[in-house]
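This report concerns only the one structure given below.
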């Protein structure tokens, strides 16, 4: 049942220790900073986090990792110039890493939302990231078997929601939002704006409300903190 | 050896910008192209309006324009290297699964990537040095390598210690198997096909000299201007 | 047998409209629902505004409204039965793969389907009579049966020749295995669970009489109003 | 290379005998009637046609079937009250039928466009439509292995195209259009309107021009012939 929630703290209050949490965003674009901060404040720990990266600088996901709340990262690109908190935990053997090619990450998340139990893809064939995985020759190519990534919770950012929970995004901040919303049991969205039902054109809705559970408005323009 | 003379196109090795300009010229009009992070990004500076090239960025956009400056900078509009960019008329946005479906489904005409090594059969190594203490990070490299119709590599031919990056078999961890079709280097352009490695042109070096640097049998192209 | 008396809710079997009204009342507020072609479509007539139910049609829409009449009719806005329908505020359109991902990904709360037969373990047969000369046609039946969180069947309990459609094992070709959770019939409502078939209520028939019609062991529900 | 073509006849002229042709539409909504008529006129034969249905009444796909141009139908719902031409050919053993659950049809088409070599789905498990197919227990359910459906050509209908080939659709006429455009080697689109590049909002484009090869404008409102 869709809920509109007043604060990011209340929005993430139900996230339990040991959960798998998908976090939207690619770089700063589409990162739900305020929800991540609230998750940090909530004290939830032993988390498996699915995100394209493994945190940057001294904010958001990087702080969750620094505080030891993240047991495992599933991501495509953990190593960045400012990913020092992940780097430190990783080298100390204090965080598990499942490294996934970015397209496999996206497709595995999409598969979870779409009820696909697994699929074959050429990406990664013959590389160390496919070691130990089933392979098959299909459509003239060797392909690797990949499985869906499900999550308990998704934290994502959109531009606007209507009262039915329908979402639209802004530019490349869309990235993982729509597929994570579909892959998680419970999807929490921070939006810049909530509009009346009927204000969004039905042709242009990117995430239908069926994928959304909790919506919280966070003041500020979408790009403000990212810029 | 007339063939050899005919393929030497300059008296000096090419600089990065000259190489980028060469790659840009080789892209067919109307193509859909993804330029990898780093050196390949330079190619965009040399694409002409007449070429009508559409750039894809894997974080969810077709019709990407040049890097954003000043007032144009918008934190919600970045490329795969997380650099602020602009939007051209006719652009479109889509989510990550749809974006990678464009790459993985074979819809991009060309993707241009950097490389640590390329093998004589087109294997690509460009994501991981294999150093035991390195933190691995792959991003979209494997999807790009595997999905595009043509994969062009841009790199210097030699490492800093003078070893060829064009090799019989990659020693670095692979990004993709048999995926590279062309290699653009400062010293030569190589075409990789089922019958081996062909040198299309050389820069400041003869084919014989080139063969001494590269541990892979090289053939000169017979057709000029391929 | 007090249990038996307590679950008989009417002196007559229910008509199609009464049954549709009953199904409608049982749908939890805020649910996302797909109503199959035929009898299940009647359910939409009994959903109240307060229930705030969102209807899905597998040809690409959430927020489907009532059948279109007169000026409302638009050939581009139809339901899965190809009947012109209307759009409610908050509707959304999507392509076929996205639409079936909603069903197949387990996002619909309830789907209501007609049936030829339902088995004691929830197997559903509703797409094919199995007649050797029949042209088979399945549409979205298998996706609906397999994907929704709850699959409600609406049917008459008996065939025209008096045979129970609730059976030990389906003799018609299956649509889905173990997928049906409730069966709404003119004579009774059956709940199908891991411990067998429970009768929630009966209409114009006692549980004993019902048991004589149905070749499946029946239990009466102990909880009233489940 | 994207082409704008003046007539439906020229648009379909390159379709060769023996091709696999995807045809958009669900019922009349989104059916590219004029392109289908042109395909009939072109004389192309021995076709495999992918469509949700197998033709209705005495028009479009039904006529292609009547004239014996269709060797095989891949569809989910061939039997309709007015599908007499298909029925006759089928009973006479003159047309092959691959019957596919509608969601598998959509997902298999999507897989072709997305470079997926095959996938597991619960749909159809334990039914006669999964007979002989590989099954596997995944995510707590028995699932069936399904393979992509590729096509040589897609004939689809959209509402509007811009000069880059970007498309938007109208209401439930969207249906199979976007996934067929991605699954076919050559996609031919009939649109009601062609607008200058930049006239469509980049946030709202449903099919990016990368999936489109030929565009032909067909006069008339989208729903006109369908109504």
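By letter and in written order, the chains are A, B, C and D; residue numbering begins at 1 in each of them.
Rule of thumb we're sticking to: contacts are C-beta pairs under 8 Å (C-beta built on N, C-alpha and C of every residue); 3 or more make two chains touch, one makes a residue touch a chain.
Here the structure is a predicted model, which is why all the values come from computation and not from measurement.
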{"item": "A-B or B-D, whichever has more C-beta pairs in contact", "value": "A-B"}
{"item": "Chain A-chain B separation of Cα centroids, rounded to whole Å", "value": "30"}
{"item": "Centre-to-centre distance between chain C and chain B (centres being mean Cα positions), rounded to whole Å", "value": "56"}
{"item": "Euclidean distance of C-alpha centroids - chain B vs chain D, Å", "value": "35"}
{"item": "Cα-centroid distance, chain A relative to chain D, in whole angstrom", "value": "33"}
{"item": "Set of chain A residues in contact with two or more other chains", "value": "107, 114-116, 121-122, 169-171, 202-203"}
{"item": "Chain C, residues touching no fewer than two other chains", "value": "61, 87, 93-94, 97, 100-101, 103-104, 147"}
{"item": "Category of the chain touch graph - line, ring, star, complete, other", "value": "other"}
{"item": "Touching pairs among all chains present in the structure", "value": "A-B, A-C, A-D, B-D, C-D"}
{"item": "Interface residues, chain C side, partner chain D - complex", "value": "57-61, 73-79, 82, 87, 93-97, 99-101, 103-104, 123, 128, 133-143, 146-147, 173-177"}
{"item": "Complex contacts: residues of chain A adjacent to chain C", "value": "1-2, 112-116, 162-164, 166, 182, 197-198, 200, 202-203, 205, 208-211"}
{"item": "Parts of chain D lying in touch with chain C, wherever the complex brings them together", "value": "26-30, 76-80, 83, 86-87, 90-91, 97, 99-107, 109-110, 121-129, 142, 169-179, 206, 222-227"}
{"item": "Complex interface listing, chain D residues touching chain A", "value": "107, 111, 114-122, 136, 138-139, 141, 143, 147-148, 150, 168-171, 201-204"}
{"item": "Contact set on chain B toward chain D in their complex", "value": "29-30, 32, 54, 56, 61-63, 87, 89-94, 97, 100-108, 147"}
